[in-house]
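Each chain gets a letter, A, B and C, in the order it is written, and its residues are counted from 1.
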Amino acid sequence: MAIEVHNVSKQFGTFTALDDVSIGVADGALTALLGPSGSGKSTLLRIIAGLEEPDAGDVTIGGDLVTGTPARSRGVGFVFQHYAPFKHMTVQSNVAFGLTVRKRPKAEIEARVKELLELVRLDGLAERYPSQLSGGQLQRMALARALAVQPKVLLLDEPFGALDAQVRGELREWLRRLHDEIHVTTIFVTHDQEEAMEVAEQIVVMNGGRIEQAGTPRELYESPRNEFVMSFIGPVNRLGNAYVRPHDIQILPEAGGNTIEALVQRIVHLGFEVRVELTLPDGREVWAQVTRASAQELELAEGQILAVRLPPPRVFAS
Amino acid sequence: MSSSGPSAISLSPAPAGGLLPSQREREARGTSDGAARARKLGVRVVALAYLAVLLIAPVGMIFYRTFEHGLAPVWSAVSAPNAQNAFWLSLEIVAIAVPLNTVFGIGMALLLERGRFRGKAALGMLIDLPFAISPVVVGLALVLVYGKTGWFGDWLAQNGIQVIFSVPGMVLATAVVSLPFVARETIPVLRELGSDAEQAAATLGASGWQTFWRVTLPGIRWGVVYGVVLTTARALGEFGAVSIVSGRIEGQTQTLPLYVQDRFENFDITGAYAAAVVLALLALATLLAMNLLTRRTRGQVAS
Amino acid sequence: MLVLLPVAALLAKSGSGGTSAFWREVSNPEALAAIKLTLVVSLIVVSVNAVFGTLIAWVLVRDEFPGKRIVNALIDLPFALPTIVAGVVLLALYGKSSPVGVDVAFTRASIALALLFVTLPFVVRSVQPVVLELDRSMEEAAASLGAGPLIVLRRIVLPSLTPAIVSGVALSFARAVGEFGSLVLITGNLPFKTEVGSVYVFGQIQNENLPAAAAVSIVLLLAALLVLAALGLVSRWRSRHVL
């Protein structure tokens, strides 16, 4: 089901969480709401879910106007950052909850729960309690629970924020694959741009209650509309009000056409990537990103003076 | 965390055990200093002596005195018709007042923790008010409102409803003095629980009632139970307020505590002691329940 | 509704005779004596509680001895025990037929005794959790810097415990001022000697002198509320300036 948000605004006391925000999410798309804390992304998600009501504006899901309908009638699946498990119920009962309150027949519930637990690979843990599960397992249970009632839309609020790095990586990939299989319109909120870039088909970048830009990861990276988007997505060097991507800085074996000199301050080896911190003749500091192979070829060393070519810097109209 | 002053800290279940594992370890290693050990012992002795004199000895005494002439006199005292009436009346009142307060307490807790309205602090203070008021004053206030010359006096008399000097008044008095406990115990648990699970239930299609029954209530149950235990203890033992409101008519409006006083004033020491022992046993049972539940409540809040 | 109405009625009745009548009732010598007695003894009792309650809480947390768990549980006894039973119980041991020869029945000491009994749990239970959470390393650091145990106590431990002690004291005071059941039997309720405020109010109600009862009730109530409010303020002031 497609989702449309029209001119939604929301205030909490004197704080403006959302200021005239409009987005469209295509049916079956996997979209990320990306932004720093306070950008309004969680608030927007919760308004779509019906857990908050906007002060102004409308939300439609699948063409139906849902502003004003409570969460429980919207048919949305919601996954919380801290999983919100029903601690006093087993995994089985948790996942079955949505069906239980709809008074579905017992056999149907059991079959569906079994199917879902297999999908999220928690089969065998059905009789465990949330306190006995790991973070990753809890989040998968939360997903299974949300999917049990066949929601029109799946909404995830910083779903991997509370997990440690490795589990996060695994679950990201897993979410992507799940989406490929199930094709439910999915929106997830994150402040981690890498996560958004890796998982989402479409990213909506938010800041201060407004939308900065929406587009595919590639579009946002290569054609950022303003400074915020450029610096939020991908690494960036700032030279005055010009922006330069580290990997666009070319380090050349010898001086040539429009190169400048730069002093190597420090070389940091980060596995495949090598970060070279440079000081330019006018004193400004930038860092360049080169591959391990190039670094070796160029025989980079600290204290060296190199020839460096800067790309045309990007400047944004303020 | 809201600090409404003193009333924010009260009735926290007694910490079970006492020491955290790391502290216990250090304790086990012991103090190497002889003087320090003597000091520690001295402090312990003083504390225990105080408790013995004030608390333990008197209670032990009561049991001794009651049974010192054997079981028979006690039994006859306990099975005296007035004693029996008093006992059942006490239970009857408790059976009405406690559920009332439980429902009220849970409702208030939900209102204060999940509701959005102004004047929450005022409501909180209002709920705590019975703590600050003497039971005698509660009785007086009730008489002023529901008594013959009270505000509702005429209306009640016209409709043949007797509140003061009869059971409804006593129930009312008991309910007022034991009002805060369930609310006070449920609120922190409700707060710890957080509303995430309730929101999740909503998105899964549960109605308000379904959410409360299936998600919220099981989550707070130990806090509620603890509060109910406290309420029951308070309600059973209430004396002052009920005394004023009841008129102390033997066999009719005498609760067990009132009966104790009555026997004492009529120099029936055995009778008084016997009834007192019954109440003391109930109190000890309450203590036991409180202590067992402390572990559960802690565990629940911790998870 | 349960609470507001009666309180309002109370206020109304006591004010029904006008302020001059209010003062008349309150300044009646018997009433004054009762109020004074209540306040004075309550103050003494809560002071004792502050010291002993803290002590007991400390021992319960920091010390280990056989039967500690039972003692810990027993602290709540005055809470669970009906007040009238408390009175009977104390009378049995420290009254006329006392086996230890201590007879305080009908004396002012009996008031203190009863109040100490019923207010015992407040300070203890208020302080206990704080002692539990105390960071031992602060005391160890002080000791390693050469501070003797008394200094450690005064400068490090007590300041951390003070808010809890204050809170317990406030609750103790409110309870002591209003206490009735445990006093009825053991004090003899002798006017001007051992009659406390709440007993006086009771007597006035029995005599159908409701305005007098209401007036004195208001005074007692105010005393309790004032102390609660004052201590609440103090604790808030402290937490703002100390933290």
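Note that in this section contacts are C-beta pairs under 8 Å (C-beta built on N, C-alpha and C of every residue); 3 or more make two chains touch, one makes a residue touch a chain.
All figures in this text were calculated on a predicted structure; none of them were measured in a lab.
> Tell me which chain's centre, taken as the mean of its C-alpha atoms, is farthest from chain C.
Relative to chain C, the chain with the farthest C-alpha centre is A.
> Pick the chain whose C-alpha centre of mass, unweighted, sits closest to the average of all protein C-alpha coordinates shown.
B
> Which whole number of Å gives the spacing of the CA centres of chain A and chain B?
Centre separation, chain A to chain B: 51 Å.
> Distance between chain B and chain C based on Cα centroids, please, to the nearest Å.
The answer is 17 Å.
> Can you check how far apart chain A and chain C are, centre to centre, with Cα atoms defining each centre and the answer in Å?
About 58 Å separates the centre of chain A from that of chain C.
> Write out the stretch or stretches of chain B touching chain C in their complex.
Its residues touching chain C are 3-12, 14-20, 23, 26-27, 36, 39-40, 43-44, 46-48, 50-51, 54-59, 61-62, 65, 126-127, 129-145, 149-151, 172, 175-176, 179, 230, 233, 236-240, 243-244, 256-258, 260-261, 264, 272-273, 276, 279-280, 283-284, 286-288, 290-291.
> Show me the residue ranges of chain B that touch chain A in the complex, using the header's touch definition.
Contacts found on chain B: 196-197, 199-207, 210, 214-215, 218-219, 303.
> For the complex, give me every residue of chain C touching chain B.
Against chain B, chain C makes touches at 2-7, 9-10, 12-13, 52, 55-56, 58-65, 68-69, 71-85, 88-90, 92-94, 99, 113, 116-117, 120, 122, 125-126, 128-129, 132, 136, 149, 164, 166-168, 170-171, 174-175, 177-181, 184-185, 197-199, 201-202, 205, 210, 213-214, 217, 220-221, 224-225, 228-229, 231-233, 235-236, 239.
> Along chain A, where are the residues that touch chain B in the complex?
49-51, 70-74, 76-78, 80, 82, 84-89, 97-98, 100-102, 131, 142, 145-146, 148-149
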